[in-house]
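Have a look at the structure that comes next, please.
Labels run A, B, C and D following the written order; every chain starts at residue 1.
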Amino acid sequence: MMAGNELYVGTAIGLIVIGFVAVLTRRNLLKIVLGFSIADTGVNLLIVSLGWLPGRTAPIVDDPSMFSDRAALAVNAARVVDPVPQALVLTAIVIGVGVTALMLAYVIRLYAVGGTLDVRQFGRLKW
Amino acid sequence: MKQIVAVVALATLAILLWQLAPIAMPSGLGVVAQHYAEHGVQDNRGANLVTSVVVNYRGFDTLGEVTVLFLSVSGAAFVLRRRTGLEVHEPRRASEIVRTGARLLFAPIVLFGTYIFVHGHLTPGGGFQGGAVVASGVLLLLLANKDHPLPHGFLSWTESLSGLGFVAAGLAGLWAGGSFLANRGILPLGTWNQLFSAGVIPVIYTFVGLKVGSELATLLDVMMHAADEEVHQ
Amino acid sequence: MPLLPKILWSLVGVLGALAYGLAIGGIIRKVMARIQGRIGPPVWQPYLDLGKNLSLRTATHHGVMSFIAPIFRAGGGIGLYLLIPVVVGVPALENFSFSGDLLMAMYFMFFGSLGMALGAAEAGHPHSPIGISRGLSQMTAYELPFALAVVALVAQTGSFSIHEIVAAQQGGWLHWNLIQNPLAAVAAFLAFLGMNMYAPFNIVGAPQEIPVGPPTEFNSQFLSLLMVGRATFAVAKMVLYMDLFLGGATSLPEAFVKTFLIYFWSVFVGAVFPRFRTEQAIRFFLGWPTVAGVAGVLLVMLNR
Amino acid sequence: MVNPILLIAVSLGVAFLLPVVDRLGRGVSRTVHLLTLAFGMLVSFRWLAALAAGAQPARIITGGWPPPLGINLFFGPLEAALAALAFTTALVAALYLAHHEQVPTVKSLVIQLVLVVGAVGLIMTRDLFNTFVFLEITGIGTYAILSFGRERESLESGFKYMALGSVASIFILLGVAFLYKLTGTLNLDDMAGRLPAVAVAGVGTVLLLLLVGLMAELKLFPLNGPAIDIYDGGEPGVMALLVGTTVNAVLFTFFKVLSLYRGDAWALAVSTVGMVTFVVANLLAIRQTRVRRMLGYSSSAQLGLLVFLLPFVRGEVVLMSAMALLLLNHTLAKAGLLWLAGLHGGERLEDWRGAFPDSVALRVSLGALILAMVGMPPFPGFWGKWQALVGLARSDAWPWIVPLLVGSLLELVYYFGWYRHILEPAGEGSRGAGRAAFAEVAGILLFAGTALALGVRMTAGIWGGPASPALLLGLVGLVLLLVRAIPVKAGAAVSLAATAWILVRMFLSGGGCPLWNVQGFFVVVTLGGALVISLAGLGLPVERRSFWGLFLILVGSILGLITSPSLLGFFVGWELMTWSSYLLVSQGRKGTRPGFLYMLFSGAAGFLILGGLMVAEGAGVDAIGGLVQLGGGAALAAWTLVAAGFAVKVASLGVHIWAPDAYAESPDLFTPFLSGVISKIPIFGLAVVAARIAAPSLHTVAGALEPVHVLAWVGGLTAFGMTLLAVFQEDAKRLLAYSSVGQVGYIVAALAIMSPLGWTAGLWHVVNHLLFKGLLFLAVAGVVYRTGTRRFADMGGLITRMPVSFVSVLIGIIALSGVPPLSGFAGKWLLYEALMERGWLLLTAALMFASVIAFLYCFRLIHSIFLGQLKPEHRELREAPPALLAAQVLLMAGIMVLSVWPQALLDPLQRLVGATFGAAGLELEGALTLTTSFGYFNAVAIMTLVAVLFVVLLAFLLFAGPRSKKIRQLDIVYAAEVPPPPEELHYAWAFFKPYERAFAPILRSAATAFWKGVGEVTGALGEAGRRIYTGDAQTYMLYAMLFILVLAGLGLAG
């Protein structure tokens, strides 16, 4: 039985680093894009895990009794996990999707103009 | 060489991040979260607190979120506006069964997606999830048949109008409820756990769903046809 | 002393200076000749030259400059003479020295050189500019030790006024600046060699290198005016040195003696030394004379 | 008042709608787009006005919930200003981009619009996560629009930019999430309130993640690689759009987020990174040959400067207005320059030679924007920098001033290295605006105009309104500059009239003779010089149309400099003078390179002076009069810096290398002013500023003045060295150039004496030098104009052809060499008397020596040009134009007056000096003989003596002996032979060879070689440094990783 969420955090960090490894060392543009989405996933997992509370449930009030009076609400409040990180993660995911989409579009055009997916072939502008 | 430096650096970074683990450990609800948890239901009559947060408390974020998606789709289309340099190679035509199956499945998928975003304030899920599901339907079609005709006009109209709807809802809030995206005085909050409850939340989420669905569909379409000659905007 | 007699007296003075200058010139040539084992021209030769020039039948010139040059030259000589007191204490012989101090005298010297240079240049012969180039170069060179010496004297006298300087040296030859500040004196007297343009510093007017130049380009009254300038200039310089270093003069005879000695110092040197090339001359003046001058100035600074 | 939220909502709605609107036609969608931007612009400007009038800022909540429950926005003055700037830029950018789209699509409109929305949202929001969202919007918008330009390059650079941006956003997101976890809130202010209470290990790391993320978004060194690449690869118009919108927004966000960072460690870190970026980016730009990339480096540097200031603004060390001005300045200038770059299309610096010959407006804009960019007055950046410096100087952060000034100097180097090419005369392959549509240039004109207008207003604020002669002249000059219709000759006339009018008004207005105080004295000198030049200008044509406009601006700025009572006013004038004179110098035929050198050294001088003034400001002194109060170390430091600056500006020995070429190559009409007036302005500075600082020890001529002794020697050695070098010149103007520098050396020495007599000598020489050097330069100008050459070897014997010019030169050299009876002697006399009084014996001797050497070049000048043999090709030469001669006659008259009646000038000088020192030091005994403690002289007597001698001797020549007749030059010696052709007989080359052999070349080589070396080392550093930008996306990202680790290693992780 784990005291906290080391597992999630550890995995998240692991994903981030793996993603970065791909980003920094792979030459294939597509793999770099993948690396970014892996890292994003890691971050998202981390954010969700920040809101996680042991032994609590999803922040949805599904039981009519819960809605009866304020006391019950307080009780209910003690039953749910933090909804905010989930909201944030939702946004984060969508943003991630957006960036990935744009990156892929770039990659398509880079391939079109460069005839290759090797990132090192696209460093002509320098100094 | 660079590779090694990179790996070493990232290892160090991992250590650095791991030192944050103690912060990440569970520790009750924050002040804001506490309020959401306690009064969320009363405030919006929405069963799904996440949805209340997403659409109402932090609705402005969500508007931004929609904007991001919209922007990245336009951006992708903009980047792909040039079509030179890509040779079109026709994939092997999918079998009759696959194509028929895809067309068969399309309707239920869209229906399911719609269900998801319409019930966003009651059940897990919402506009984005629903929209994604709808788009997956389109994806299925396009995978089965690259040249499957899509109603571009319809899509872009939906895209624009739903987005406009979101903004309009927000302005309605400003007009009726005193602040942008306010969930007061526009629609009755209704009773908890009814489909028609939680004020404008389901409306907004519907707009979001439609917008996300149509946008992702457009995105898929644009990417699929990045190499085609005809330019459609 | 009222102005009119002063003018008359100084006129007399100028004529005297002219006579004296010409005479000395003659003597020099004689002495030189004898040293070199020649008989040499008669002592009064310069007077004859002057007379001859003035009595020529024809006179030619090259335009404005031919006029300006002799005027500047002679004006420079005479003017300088008029700015220096010959015998301090005798108003008649103090000329117009009250209208300007030592600085004035120093800068008036250049007047002559400038005139000479302009005149020669106008002649339009390439050799004369060469002569000028050499002359001016040399002039600047000896001007440094001279300036240092003057600064030293002025500093220790506390005045630019020649009268003051002379006055400060009264009371026996031990008070002469020659003794008071020997270093400065050395510098000044070495510079004097250059000023007089006798050997070893006579490449400027060196006849055989420059067959042409003022002496031949000019003639009749023009040339004679140049001669007048040269003569008076020489005298003026001697008087100035006398005032600066030999305690001035209290009487005319004394003045004659002193100036004669001063002059002959350069003659004797000239008689025994060969000629320097210009850059050699320059290096010479910027060498020991300058060192001596600086030392002289430092001497004064230390004494204060 | 419109609710600011509409700025976002409306624009967003329109953006959503645009794709369908576009179905009605591109024209419609474009119009809608522009209208939306116009709406935003209007609203934000109205808000700005209201807020300036004292209205309450708007606090906006969303979702109906107050913070921290809901997201809230804030719309104060800063926000309004930034929003206004963003919308304006976007509007003009849209106009421009419409003309530069290869494959037109509605998408680009959508993206542009959303980009602005993102920027405005970013500016307004007070919620951390919302900030992140808007960061992403601007980010994605940027990535998308970056693909606008030439495809391959834009995609390459864009991808790198996107990659680094994504890394940054990951860091930011992590930071935000953890901060939420730590504080339980996302509202910025709420969080800032709660954060200090949080005492958990790792807070530092969290903050570091956020910080580095934002720094990567801002592209600070060493993360600025991609930012520079996109300038290189992207479409300039797009970059302009970004500069005005997202860049500012992100910077402001950074500013807001900094409220989370308590403690000096963070402030120090931010400032350091900023300053390093500023200096390094400027250094690396030096060797850059591609214009747009250079602009990229510059942007990075400017951003660094702003980031450096942020913590100080937070700490209220530096005024908010300083930052606002700098930011505004950068936006206007950089955006404008980018549009110009796009319009011109020149890739490398050389492609810009004589840019836009066909459009005055564009040329002027280009110049104005470059000047604005380097922080020259009157443009806003200057005032911003000044305020920032004052802020720093008055805090214990003053050491930062040093790198700031160094960086600014580097900035000067490459911007003027570029401008140099632009100023080249237009010729083959110099590109113009061609048939550019108004829409394209609208932005350029708008931004340049705004910068200029603001600048003029601020300058007016300092110099006392348009009534002040300074500003008046400046404005007239501006008109002459801008209105192409005005013919050049008319310009000369206008300048003549204006200067004459002001001069007359000065003397007529009450308060006695203007010469009675230092300011008045120098004003008269300046206007007198300007008057003569203008007069000569009626006769001597100028190469460039812009001459007279710039000339009036120059004169105006000098007047402002002299008359302004505040340090700021003085420095404004100084810098204005610097650049206007730079532009005039560069107008010479081969003037651009010397001009460049001139600008560099003047700039360096300016920064030295600025440093000195800042020492004063640090001590709380901001009026020139107040400098007297400085004491102790402050006084010494300030004096040394200021004096050093002036020493550079007068081209003292060692830093003289800029002067000869600048004098020689600048337009013949301008050189006299350069030598006669401009070289005197440092003298004015010395007389007023420096002397005031030394004031405590001013009256007690004691050891306290030792620095002055050093200065005196600097002056003396300069006089000596330059005179010596002048002797060996083969070019008339170069000779006079060296001579001028040397003469100013005398003046410096004279002023350094710090005694009444010394000042009298110095100021006398100021006037005298103006007269005779102006005379000589004008005469030579006439000769050059007629003969078309400046080389002595190509002249000779002109006395017969140009007699008046000859007389001018004769008078000039006599006055210069100090031979009695002309005015030069009085100057020399005063100087030596003063020096002896002061007891500086060796210096006296040295100066005497120098003044004798002057004879050599004086003779060289008159001989080689006028005497000797006349060249055959000059047989038909005509005398110089009448107007030119008139000017010379004027100057000669001046010299004569001073010679016969020195009291005319000495009397006022007595009062002047007396006012400064309380003692006169010079007795005018019986108004005839001048007497000092050391000597005496009677100008009248001497003049009479000389006159009499002259008359007598002339009479002798005419009447004694036979009547003389004129003969041809070669008629004597060559009577018996055929003379060689005259040109062979003219001895004018290597005239003083023996002298050179004796001791010349030491001076010449050493200094030049030294500065050459300095330049090369700096360049090499820049060249080497640039290599870190390998152009490889992964390397750039690796830098980000390493950067965060390094900062963590430095203990910021806590």
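List of remarks:
In this text, contacts are C-beta pairs under 8 Å (C-beta built on N, C-alpha and C of every residue); 3 or more make two chains touch, one makes a residue touch a chain.
Nothing here was measured: the structure is a model prediction, and the numbers come from that model.
Set against one another, B-D and A-D show the most C-beta pairs in contact at B-D. Chain geometry summary: the mean Cα position of subunit B and that of subunit D are 55 Å apart. Centre-to-centre separation between subunit A and subunit D, using Cα means, comes to 52 Å.
Chain centres here are Cα averages; for subunit B and subunit C they lie 107 Å apart.
Subunit A and subunit C have centres, each the mean of its CA atoms, that are 101 Å apart.
In subunit A, the residues that reach two or more other chains under the touch definition are 16, 20, 24-25, 46, 50, 84, 91, 95, 98-99, 102, 106, 109, 113. Residues of subunit B found to touch two or more other chains are 6, 10, 13, 17, 20, 24, 29-30, 32-34, 36, 58, 61, 64-65, 68, 71-72, 75-76, 79, 82. Looking at subunit C, one finds that none of its residues touch two or more other chains.
Chain contacts here follow an irregular pattern that is not a line, a ring, a star or a complete set. All chain pairs that count as touching, in label order, are A-B, A-D, B-D, C-D.
The touching residues of subunit A, when paired with subunit D in their complex, are 16, 20, 23-25, 29, 32, 36, 39-40, 43, 46-47, 50, 84-85, 88, 91-92, 95, 98-99, 102-103, 106-107, 109-110, 113-114, 119-120, 122-127. Contact residues on subunit A toward subunit B in their complex (touch as defined above): 3-6, 9-10, 13-14, 16-17, 20-21, 24-25, 46, 49-54, 58-62, 64, 66-67, 70, 73-74, 76-77, 80, 82-84, 86-87, 90-91, 93-95, 97-99, 101-102, 104-106, 108-109, 111-113, 115. Across the interface of their complex, subunit D is touched by residues 53-65, 67, 70-71, 74-75, 78-79, 82, 96, 98-104, 106-108, 110-111, 113-114, 117-118, 121-126, 129-130, 132-134, 136-137, 139-141, 143-144, 147-148, 150-152, 154-155, 158-161, 211-212, 216-217, 220-222, 224-225, 277-279, 282-283, 286, 293-294, 297, 300-301, 304 of subunit C. On the side of subunit B, the complex with subunit A involves touching residues 3, 6-7, 10-11, 13-14, 17-18, 20-21, 24-26, 28-30, 32-34, 36-42, 47-50, 52-54, 58, 61-62, 64-65, 68-69, 71-73, 75-76, 79-80, 82, 84-86, 123-124, 126, 128, 192-193, 212, 219, 222-223, 226. The touching residues of subunit D, counted against subunit B in their complex, run 3, 5, 9, 12-13, 15-20, 22, 60-65, 68-71, 103, 105-108, 110-111, 114, 117-118, 121, 125, 127, 129-130, 133-134, 136-137, 140-141, 143-145, 147, 151, 155, 174, 178, 180-186, 200-203, 205-206, 1034-1035, 1038, 1041-1042, 1044-1045, 1048, 1053.
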